[in-house]
Amino acid sequence: MDVRVQSEPFDFGAEAGRFAEGHHTMGAVVTFTGIVRDDDGTLDRMEIEHYPGMTERALEAHAREAQERFSLGDVLVIHRHGALRPGEMIMMVATAAPHRADAFEGAQYLMDYLKSRAPFWKKEYTADGAAWVAAKDEDEDALGRW
Amino acid sequence: MDVRVQSEPFDFGAEAGRFAEGHHTMGAVVTFTGIVRDDDGTLDRMEIEHYPGMTERALEAHAREAQERFSLGDVLVIHRHGALRPGEMIMMVATAAPHRADAFEGAQYLMDYLKSRAPFWKKEYTADGAAWVAAKDEDEDALGRW
Amino acid sequence: MQILYFAWVRERIGEARETVETEATTVTELIEELRARDPRYAAAFADLSALRVALDQDLSDFDAPLDGVREVAFFPPMTGG
Amino acid sequence: MQILYFAWVRERIGEARETVETEATTVTELIEELRARDPRYAAAFADLSALRVALDQDLSDFDAPLDGVREVAFFPPMTGG
């Protein structure tokens, strides 16, 4: 299990490749990557605030829960904070499991918890000014599945 | 959309990294990788037979269906045939979508169809001999979701 | 008409493909013809629930007509991924 | 007791953290004390349904006791991922 909270960019391809290497009893690896969207080309940057200490604890707790619940052989979580430009990768999770259903569900569970229960807050800066991103009801609702 | 059927190994990290690069309207990328398992250390190799022509058509049809159904911005499918050793990567899919639910579901849909509807057959070679891998009821059942 | 066999169907029949002249109008009729030909075919087609068929590279049913079909393939349930 | 503020709660109050001496026994009582102190706090705590609280870095309820708690954090619903 590997959980990292950092302001620096990470190399998704290298992380994913390393995570998927060397498994002999895990038949399935799933990765998820979140990217800063800029649908209408007006976003200058996103700034992600976090709660140092609690963030790491929350991510580690969620990763441990996912690992036990879905019998994951390995889990990786990387989440950035600070300023990110459109197209930059915000975060990634990766899960390894013997079979695909657990690998997929483990990654989805991690994402659903991370969206609504890990202490990060996003602020978007456009030419029109800055605004905090509001939490979505659908993200809160997604937790009902688990 | 990119669909490849090949006997050569592929570089999962490089493919995943390239696939996730340069998106400005897709906020979510999901990858799945299938790996040759060898739970008890007795597997020498797996040989994957396929139906040249039909395999490519089936994978392309499934990729197109997934793309439309889940509004995917991009889809990648790579599937190997021939001899593979334990720990080697058999195949990968990758999906890009504006939001995570579609990226996850698109990848799961592709995997469920690929497991039971793409013309591949696996034979396992152990010290005890060779045996065709039987299709699993749960893989057929998984299609009921869609 | 080209007939293709894959996986253990291919192994039981002993060939990957062959060309046959047939008057069969459906897949089921074609299977009856093949079964009558040789015990290898009878063994391969003993349990149709364990078989799948593709007509011109599209998955099909056993009662599908062979009208205009150039390539028939028989194989066990697929195990990709 | 350390109190931390994040995101727009931090912006409304104008500080990221402060140390307070309080007799409050629950989070709700602490909020009442803060609200009475200054309009900035009243603005930040105007709508509790838009707020979340963590006690010693664990998400908690507003009626949770403050017994032994060293760090209280107030923030809007989280938007990670």
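Labels A, B, C and D are assigned to the chains in the order they are written; within every chain, residues are numbered from 1.
Assume a contact is a pair of C-beta atoms (placed from the backbone, for glycine too) under 8 Å apart; a residue touches a chain by one contact, two chains touch by 3 or more.
If you want to know which protein each chain is, UniProt gives these names: A, B = Molybdopterin synthase catalytic subunit; C, D = Molybdopterin synthase sulfur carrier subunit.
All figures in this text were calculated on a predicted structure; none of them were measured in a lab.
The minimum number of touch steps linking subunit A to subunit B comes to 1.
Listing every chain that touches subunit B and subunit D alike gives A. Note: centroid distance subunit C to subunit D, computed from Cα atoms, is 72 Å. Subunit D has its Cα centroid 26 Å from the Cα centroid of subunit A.
We define each chain's centre as the mean of its Cα atoms; on that basis subunit A and subunit C are separated by 48 Å. Residues of subunit B in contact with at least two other chains: 34, 100, 111.
For subunit C, residues touching at least two other chains, in rising order: 81. Remark: the chains found to touch one another pair up as A-B, A-D, B-C. Considering their complex, residues 4, 6-8, 10, 54, 57-59, 73, 75-81 of subunit D touch subunit A. The part of subunit B that touches subunit C in the complex is made up of residues 34, 49, 51, 53-54, 57, 79, 90-91, 111, 114-123, 132-135, 139-140. The touching residues of subunit B, counted against subunit A in their complex, run 11-18, 20, 22-39, 41, 86-87, 89, 98, 100-101, 103-104, 107-108, 111, 142.
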